[in-house]
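Below are two complexes that have subunit A in common, paired first with subunit B and then with subunit C.
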Partner chain A sequence: MSITIEQRRQHRLMTIEKSLSTRHRKERRFRRLGLAAVIVGMTLVATLFASILMRGLPAFWQATFYMELYFDPEVIQVEDKPQQASGESQAEFNQRFAAWQTQVGLVNWQSLIDAALQETLDEEIEPRQLRDLRALLSSNERFTLRNKFVEDPSLLGQTIEVKMLASANVDVWIKGNIDRDLADARQQLSAQTRAWADQLYDAGVIRNAFSTSLFLNTDSRSAPASAGLAGAFMGSLFMMVIVIALSVPLGVASAVYLEEFAPKNRLTDIIEININNLAAVPSIVFGLLGASIFIGYLGLPLSAPLVGGLVLTLMTLPTIIIATRASLRSIPPSIRQAALGIGASKVQTVFHHVLPIALPGILTGSILGVAQALGETAPLLLIGMNAFVANVPSTPFEQSAALPVQIYLWQGNELRNFFEARTSAAIIVLLALMLSLNALAIWLRKKFETRW
Partner chain B sequence: MSNLALIATLLLIMALAYHLGLTRSRAVAAEHDVRMHSRPGYYGALVALWCGLPALTLFLLWSFLAPQLIDMLVTQQLPIDLVAGMSDRELATFLRRVTALANERSVSGGGTPEELAAAAHMARLQTFENLSLVALMAVCAVTGLVFARRNISPQWRARNQVERVITIALAASSAVAIFTTVGIVLSMLGEALKFFSFISPAEFFLGTTWNPRFSTSGTDAQGEFGLLPLLWGTMMVSAIALLIAIPVGLMTAIYMAEYAPSWLRNVAKPIIEILAGIPTIVYGFFALIVIGPFLSSVGDLVGINIRTTSALTAGLVMGIMIIPFVSSLSDDIITQVPKSLRDGALGLGATKSETIRQVVLPAALPGIVGAFLLAASRAIGETMIVVLAAGNNPVLHANPFEAISTITVTIVNQLTGDMDFASPQSLVAFALGLTLFVITLGLNVIALVIVRKYRQQYE
Partner chain C sequence: MNTSAKTNMPSSMVSVGGGESRTSKATNNVKMRAKDVKVFYGDTQAINGIDIDIYENEVLAFIGPSGCGKSTFLRCLNRMNDTIDICRVEGEITLDQKDIYAPDRDVVLLRAQVGIVFQKPNPFPKSIYENIAYGPRLHGLAKRKAELDDIVESSLRRAGLWEEVKDRLDQPGTGLSGGQQQRLCIARTIAVSPDIILMDEPCSALDPIATGKVEQLIDELSESYTIVMVTHNMQQAARVADRTAFFHMGDLIEVDSTDTIFTNPQNQRTHDYITGRYG
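So, the complex of A and B:
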């Protein structure tokens, strides 16, 4: 009898022994699967960043001409720059100045550039080659030259070294972003222009210089090489100011009310569900709300940062409320009881004791919410912010682009070879802004985190 | 006076009122040699509120009503035969031009003599209106200030009143969220109803062809607005995304919560959080220039024709986007499972993976399902990735390697460009938006209820 029990015991132990190796194998397999998932995730992310950095970083440097340019008095035949005479009214002066500017505008600046290029190439250019020659430089450099002269008319008759942007196609050619072995018919530039570009690059006239135009210029259709982010940046800045000014106070106030003051009843329950739900509503729905109410009903201007800011405020509000509530909830009740116990009123307790302690958490949540709003694109498309805007907005009521929308517009540009890099560069700028905001939030949380 | 200057002045006066109230309460206390009910600051604040709030209310009401009143007065002044010949819409345009002229902005075509006359009249009225507003606000502010300041006495419960105003203001801000929801529902419903006056709901919800044509004003050329191809596309892309995101996200969460050493957790968690913050347009661009061509060449290798912009491309990248979302939600939920459950299983001799699969996951299941539903609702509402990478081809087909279109893409396509709220071509965006809102709302509510129940279970 006792033997059979012993046998059974042995048998059971044996089965366990035997199954143990399989079970451990399974354990290891499961563990590896988990690690694999982490690695897959990280690899994908690494690919994303690597591919965007690889494409975008070269775009921060742009093919640029460094050459001597002669401000030929024979070409620039204009009067002296008017000075405001004593006794002359401002209006009269403005009129004279405008007339002078028109005169300057009529000068054939392009011929100066043509002459400078001929000089640099050390070649006699026939008129039929002019087209090829002009394809070298960005088409709006003649205006840059004009502006330079308007600012400093003493340049007349002088030869100075100027820095001019090469055209987008030359930039692509120099950087090798287009297959150099493609047949002539499929190249953007003529054979002559390509030869010149190579010649000038070897001679050091065309260099890859840091592209200030990317930051200082606005979007441009006629001269893609000089398209920049300044307008989009200002638009985004205006929107962020509006979002911060509206969503943070409103969000914190409603979170404080719901967490500290509101009676627990059906109404507050509904508000709570409603806020959680709003946080998960697709952003494009907020865009529809903006299009219908702010633009259709209230008649606010299309593509204005004001409307964008309002829409993004409504979108960010739930995020901030939820973060603030979590932050308030993590404060132990003993703080409140202590304040109430020594005679503080409810409002005093909240504003003098609870809120200051919750501040780091609130800040973190708000920064994360604002960063999210900064990168939002879809709702802005619906309120017309995808319009082409060629100047930097000076008020939030003017038409403007925004950083993420600029990325959307650029990625759709037909000049693919050039704008793929340009778009990646814009993405790098946007990501740098967002990641530094995020890093700031995480740092704040780490620094002020209190464990009770 | 411009509105901005007016408000700034009011704020200045309020600051002065605060100071007056404060000094007055101190003086009263010294005079009667008693303890005041509240501290001096509260009296100051209360006087400032008495001074500012009525004036501010007046200002808001005024700036809402006055333009309408002026429009009415100007219209009455117009020659009868001019008004009689105009439709409501023409009258509105006329008034808009007159308003522009009165504010010294130029209008196209310069402005007719009638318009100029009306504009001069309007400008006079506006000057009068502005002056009277300033005067009334001043009266309000000063009356409030004087009244409140004289009322200061040891018995006046300033703190309670100030606190009541604060509480009301707090409650009012939490109403903004409610108004947002109401605004979303009403605006979408309103515009969608307008759309349904062109196209019957049955045609919209059951139609299998999407071909809206271009909105040509004046013609009756109406396209076909069938929702099903778009809904199908949305479902297909979201399903692909979830097929990627759920296994990877869940396994990541399990590994992070149960196996990972703490240093890895400390590094990986912020990274995952940052990933969740990358704008979707970036993912879309990534899909377009990297994943799409890659998939296409892989397809060439194995002999399948995969388009660069296809349901697969969009779905795959959307999956990548949702991984951090799924993993951080699941991580929270897994770590909430009480330690006692794990200890029990381990004590019985189960291996760690057995504990996870047979004890932790079943216990966490409701929460995890909730997380999946939230992820699904995100995938359905995602816009930029599909706009860039799905190819916009609203046709019912089951091939994930082909281009497809979704509800969100179509909303963007129909509503960008001309903003004309009268044609079915743009109004359909609101009907689509409403559909999207209802679908995601349903998913969210179910998910939130499940997650909430789950939380209560272990609290």
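So, the complex of A and C:
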């Protein structure tokens, strides 16, 4: 015998060992590739977030004037604020009040601001310099001043410290978002205004203060410094409420019916295929559909969150139906049999046992669908939500902006070096909203998770 | 362990007789009767016309090789096959002389009368208490909380589980061991007080000790219930069944007292199966 049993055994072991080392090598390579993919992905996401934060965060602070302002009775020559007299009808009072407001509106509020600036700068301003002077402040601050007076007419004759927004160009200049060495002709502010701005900044009159206007104001074109997200935020909020109220019950109900009750036949097969196809339809197509049906046929208002919500509902439905069906399908059939076996009806089985277990999956799917809808821009463009609307909607029927569309509009604004940061700030707000939605999804998942 | 079940039992039901392996409580009243039952899955015929009587308070075991149709037939007895879309049942099955497949028959009521225990323990992912209380609550068997508590306790006692779980009724039923889970499922079934309990290989997922407990339980339950069980384990049939039915290829080959089937089968195929030629 040339080959002993022991030799064969040795040979077999060597063969296995050789194959083992290849196997280990392959496993190591695969693991390294996976890790590399994760690292690349994380780096890209980190870069994205870092760049957005770096650009956007400074926009939350804005160049703001803190200065003394004298409510000069010489300039503000109006009657006392009317009070409703006893026996006077509401209509009569309203008329009197409107007349008083007109009077207040006719006051030259700008001259008060001019005077205050002159006082603060401690300089004699010639009339030809007024234009440079007025370029310092956001142009709608005279209305802010008027509103302050309407609120509290007792300010007459007093000197108080007011907080006023600097103009967008001053903000850009102070923050260094424009090259300070550019020639005069290419600067957005005159040399005089720039010098004043620097002087006031050094004196602490212009400070970088947290920008409440970003959250409280609507979009503005005449006074870009005061442009805010309030309108867009409310518009998006209304749309989200509509999407949640419509797409979650509709989607879950359809999914439950299709998965648990519908007979399996050709018709339900076709429905299933079409739902899957709908999930892959580009969102802009839903915008077209919405424009033709809701606006063209049903005559609903243009640019209204109602229509936006309906369009986004259509877009979200397939996502929710698919997520819900997947979640229902993952419930072990033994649970259904257990319930049926002790005499629960099919509906009771679904509502007492299947849905509660499927709930976390359904909620997660729904919230991710809603979050996707929240960030959708394309379909909204087609139903007129890219219009400039300086209004905070109080109902979903009013014209409104929406957060993603606002980002789109701001990034195209010609005042680049001011709106670049503003755009990133809006993106941060939108992302924060999305992240909190996702956090909610995770929390709900944990809360309702069934422990087996 | 199960003293309460024994003392609660009407004395008239204690009738001694039958096989050597156990004390049978079977009567001669036909509880269920199947006449020429055929079952189809789509175009495939799974059961080829079965006639069988099931007597009150007997333990009837179905044995046979895999795929012989014994589970399929068992699930016809409380219409669990209704849940399978492509499944079609022909013939007649009666419970107390009433057709269970009649169009006006309420399947919910039927399943309250004919309970089922499955092969794999399948407690609900809820507390032990909720697992038992679900059925009675569903059928409105308890008006007040105290009544429900009573049902839960007596069901668990009858299933021989009370002593093991009485201090943790609020813990999830899925946290119990396999054997305890199966006894929980049996308790859940008897909580709705069915007449008949179907058991589809109730011990196939259990270890020998848990199996022994479940078999003892079956023996005790047969005092008040009719039990029809499918089993792969011939020793189990020999240990617990009054009568045994042998299925093969969708046919009922032979049904007789367990002793006869195991010692003196009339059919050659039964003989071959019992002696281990196939299966």
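Annotations for the structure displayed:
In the analysis below, the second predicted complex is superposed on the first by the 405 of 452 C-alpha atoms of A that agree within 3 Å, B and C clash if a C-alpha of one lies under 4 Å from a C-alpha of the other, contacts with A are read in each partner's own complex, and residues count from 1 in each chain.
The rule is simple: contacts are C-beta pairs under 8 Å (C-beta built on N, C-alpha and C of every residue); 3 or more make two chains touch, one makes a residue touch a chain.
Quick caveat: nothing in here was measured; it's all calculated off a predicted structure.
After superposition onto subunit A, partners subunit B and subunit C are found to sit side by side with no clash. By the document's definition of touching, of the two partners only subunit C reaches A:I335; subunit B does not.
Look at A:K264: by the touch rule set out above, it reaches subunit C but stays clear of subunit B. Look at A:I357: by the touch rule set out above, it reaches subunit C but stays clear of subunit B. By the touch criterion defined above, A:V347 reaches subunit B but does not reach subunit C. Counting residues of subunit A touched by each partner, subunit B versus subunit C, the larger count belongs to B.
Of the two partner chains placed by superposition, only subunit B is touched by A:A371; subunit C is not. Contact with neither subunit B nor subunit C is seen for A:L53 once the two complexes are overlaid on the shared chain.
Of the two partner chains placed by the overlay, only subunit B lies in contact with A:A37; subunit C stays clear of it. Between subunit B and subunit C the least C-alpha distance in the superposed model amounts to 8 Å. Touched by subunit B in one complex and by subunit C in the other are residues 345 of subunit A. On the side of subunit A, the complex with subunit C involves touching residues 263-264, 332, 334-345, 348, 352-353, 357, 450-452. By the touch criterion given at the top, residues 159-160, 163, 166-167, 169-171, 173-178, 180-181, 183-184, 187-188, 190-191, 247-252, 254-256, 258-260, 268, 270-275, 277-286, 288-290, 320, 323-324, 327, 351-354, 356-357, 374, 377-378, 380-384, 387-388, 408, 411-412, 415-416, 419, 421, 429-430, 433, 436-437, 440-441, 444-445, 448 of subunit B touch subunit A in their complex. Partner subunit A is touched in their complex by these residues of subunit C: 78, 80, 83, 85, 108-112, 115-118, 120, 122-125, 134-135, 138-139, 172, 174, 185, 188-189, 191-192. Across the complex, subunit A meets subunit B through its residues 23-24, 26-27, 30-31, 33-38, 40-42, 44-45, 47-48, 51-52, 55, 249-251, 253-258, 261-262, 271, 273-278, 280-286, 288-289, 291-293, 295-297, 302, 314, 317-318, 321, 345-347, 368, 371-372, 374-378, 381-382, 384, 386, 404, 407-408, 411, 420, 423-424, 427, 430-431, 434-435, 438-439, 442.
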